[in-house]
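I'd like to ask you about the structure that follows.
Every chain is named by a letter (A, B and C) in the order it is written, and numbering of its residues begins at 1.
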Amino acid sequence: MAHDTHHPGTGQDAPLWPWLAAAVAALLGLAAWTQFSASPPVALQQLAKWLPTLLLGLGANIGISVLAMALGTVAGLLIGALSLSTLAPVRGATRLYVQVFRNAPVLVLVYFSTYVFPFELQLHHWRLPFPDWIKVVLGLALPASANVAEIFRGAVQSIPSAQWEAAQSLALSRRDIFRLVVLPQCVRRMLPPWMNLYASITMATSLASLVGVHDVVDAAQIASNTVSRTDFTALIYASLLLLFFAYCYPIARATQALEARHARH
Amino acid sequence: MADSSWLQEAVQATRALGLNYAFVLDAGERQAFARGLWVTLQLCAVTLPLSLLAGVGLASGLNSPRAWLRRPTRVFVELTRNTPTLVQLYCAFLVLNLLINQQLQGRAGNPLTPFAWVVIVVALHKAAFHAEALRAGLQAVPAVTLEAARSLGLSSRQLLLQVELPLALRFALPSLVNNLVDAVKMTAVASAIAVGDVTYESIMIWTQRDNVLELLLLILLYFGLLTWGVSRAGRWLENRLRMPGYGT
Amino acid sequence: MPATDAPKNPPQKAVPTPLVSLRDIHLSFGANEVLKGISLDVLPGQVVSIIGPSGSGKSSLLRCITGLLRPQLGTITVGATRVDRLRHEAELIALRRRVGFVFQQYNLFPHLSVLDNLVLGPVRVNGRPRDEAEHQARELLQRVGLAHKAAAYPGELSGGQQQRVAIARALAMQPELILFDEVTSALDPETVGEVLTVIRELAEDGMTCVLVTHEMRFAAEVSDEVVFTEAGRVVEQGPAARLFGNPQQERTRAFLRRALGASLGSQSYAPDNKVVALPIDRFRFAI
């Protein structure tokens, strides 16, 4: 339903990409300057030197987020499906799971998975190291799964009951109704909140630095301590902010575009 | 002490379950943990109202007809919403704080403690989400209702205060309460800059005693209690402000 | 099909100065021209109905009178005020205190009780003291038959009840003139009657009314003047008996044929209780 508003500048009035394009251009200009100029500021030189390390760290963050989201989605869909079960105890158990892992601070869950899981796994006589980043993946998969379960349940419940009635009147079984009528519509409704969740999980990977994973935040801290200049510290943390922004903001915009497209249906 | 006996019984009971809560029997550690509980409560008590105020401010900035106010506000909101709180906290505490200290050159004390920085960062982070929720709420007010109010002769100001904002608030309330619950959970990042909240105190204890699981259970219970409290308050408010029969 | 015997206030016999005067109104939304030169006069105490197909700009016309829309061309006068010249909000507010508006979708404020809906305007805009406004509000609710619903919320009322509250809300401002924008179009047929009753009583009490409506029978019964518009222009206007009984333009006849349909029979509804025989052979229904 389209509401015309009387407020100027609601929503995305000025597209942000001109600003971003300008920022990227400025950064590239700075980079070029440091490479080709005789005496660029020391801080910028150092930034150029540390940038590959930062980007490597960011790769670790992205890797963790993708794995955590994949795991969380599979588990969440399962739990979401169980939450619609006809058996009350099953529904209760899933409700408890969702409540616990949605209300727990993500930091606490990351600590939980890091410290509670063993240092290494022993399978017969093989010793598999259980690296920290996998623990973070598991730790983030827990709230991811709880949220995916909620998103799934919300999407199924948002299908108007009229659809159910129509499908039932066609003598479709409950299973078939799910498969042919409800789930295809659910996927579309689930996509925007799911994308939002992915952006949140990516931002939560920054907590991995607190449990010893060598991610981008950790790299920035090492760089800052190594170079030990105020202007460089300011620069590297600003870059850290911008790196996360460059990754998460396009996701947010894509989500909004997706929502806007479906709102017209 | 009179209460040490029931504490000992409680510790014994949990030991039977395989959990080691011996730390509560140590006065120093017990008090440290209690302090942590109190600091977390304080963080929530200050951050939540501040975030709402800042959210209203940002929302009015986003809706302002003046572009010089609106554009920077939107840039700020997008930056804050799309970057991690931890990184924002580091930027604030490790960079801004450092710069402030350098400017002060040790002349006067820096009034911004780490506690204050956590409050500022979390409140502003959540304010960005509040602002979006309020914007969505304002958009949800039907244009025809505003037309009716205008046709009664209400001025723009009266329209805003009597019709638009009350309705927008009611529409935005569930999102706002969700954001506040998130804010409670977010205060845990305080431990990253050594603010003595419950997470930090727990880390101190478990590095000595290696009872991570036990402490995490307590922390989960405590945060669960706080988020439940905020949800209840939110539901009470929703009931008070509900519009009977609306939407039917 | 009952003929009414509601006595009508005759228009002023002395040189009448219109309360509302529209001259050559042109209104466009972007490239879409909705009003293409409408002129209209409403005398004090008159009831004027505007009928016509959807999309002929009737609702936009009403909104121009109260300053919610601004025409590109033309003049609008309400009393001594040139509405098309108003610039400042204070001037528009002064106008809207004198002109009441009732919407198709009632548009009551859902977060306020019925009583608060009625009291908001008088207290905030007219500056009346609250208890005086409440007293008047209760009287108005009594008048529209909803005194027992003062504490209810709009969401708890039926459509007809909400519309009656909306009329009471417009009356609470003590306007000189009330505009009704298709106020029964969103209602169930059973509740249409209760709203029309209220409007009929208002008209009988001498309130100047301009109605945009699809209720032809009602328009015939209650109006002094009926205006038929189509595609943004006035096609025909005149006293109800003449427009319904003996329409001059073919487009008017075509519209009335479609709008009145099979329920027409051989009677029309003239205000002076005379049953006028319709020249029924002009109306051939496709069966």
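Odds and ends about this structure:
Heads up, the rule we're going with is that a residue touches a chain if its C-beta (ideal position, glycine included) is under 8 Å from a C-beta of that chain, and two chains touch if they have at least 3 such contacts.
Remember, it's a predicted structure, so these values are computed and weren't measured experimentally.
With steps allowed only between chains in touch, the distance from chain A over to chain C comes to 2. Chain centres here are C-alpha means, and the one lying farthest from chain B is C. When the interfaces B-C and A-B are ranked by how many C-beta pairs touch across them, A-B comes first. Centroid to centroid, with C-alpha atoms defining each point, chain A and chain C lie 56 Å apart. Centroids of chain B and chain C (each the mean of its C-alpha atoms) stand 52 Å apart.
Inter-chain spacing, taken between the CA centroids of chain A and chain B, is 20 Å. For chain C, no residue reaches two or more other chains under the stated contact definition.
Within chain B, the positions touching two or more other chains are listed as 142. Partner chain C is touched in their complex by these residues of chain B: 142, 144-145, 147-156, 158, 162-163, 166-167, 170, 241, 243-248. Interface residues of chain A, counted against chain B in their complex, comprise 3-11, 13-14, 16, 19, 100, 103-108, 111-112, 115-116, 199, 203-207, 209-210, 217, 220-221, 224, 230, 233-234, 237-238, 240-241, 244-245, 248-249, 252.
Residues of chain B touching chain A in their complex: 62-65, 67, 70-71, 74-75, 78-79, 81-88, 90-91, 94-95, 98-99, 102, 135, 138-143, 146, 181, 185-189, 191-192, 199, 203, 206, 212-213, 216, 219-220, 223-224, 227-228.
Looking at the complex, you find that chain C touches chain B at residues 66, 68, 89-90, 93-94, 96-97, 99-101, 103, 105, 107-111, 120-121, 124-125, 152-157, 166, 169-170, 173.
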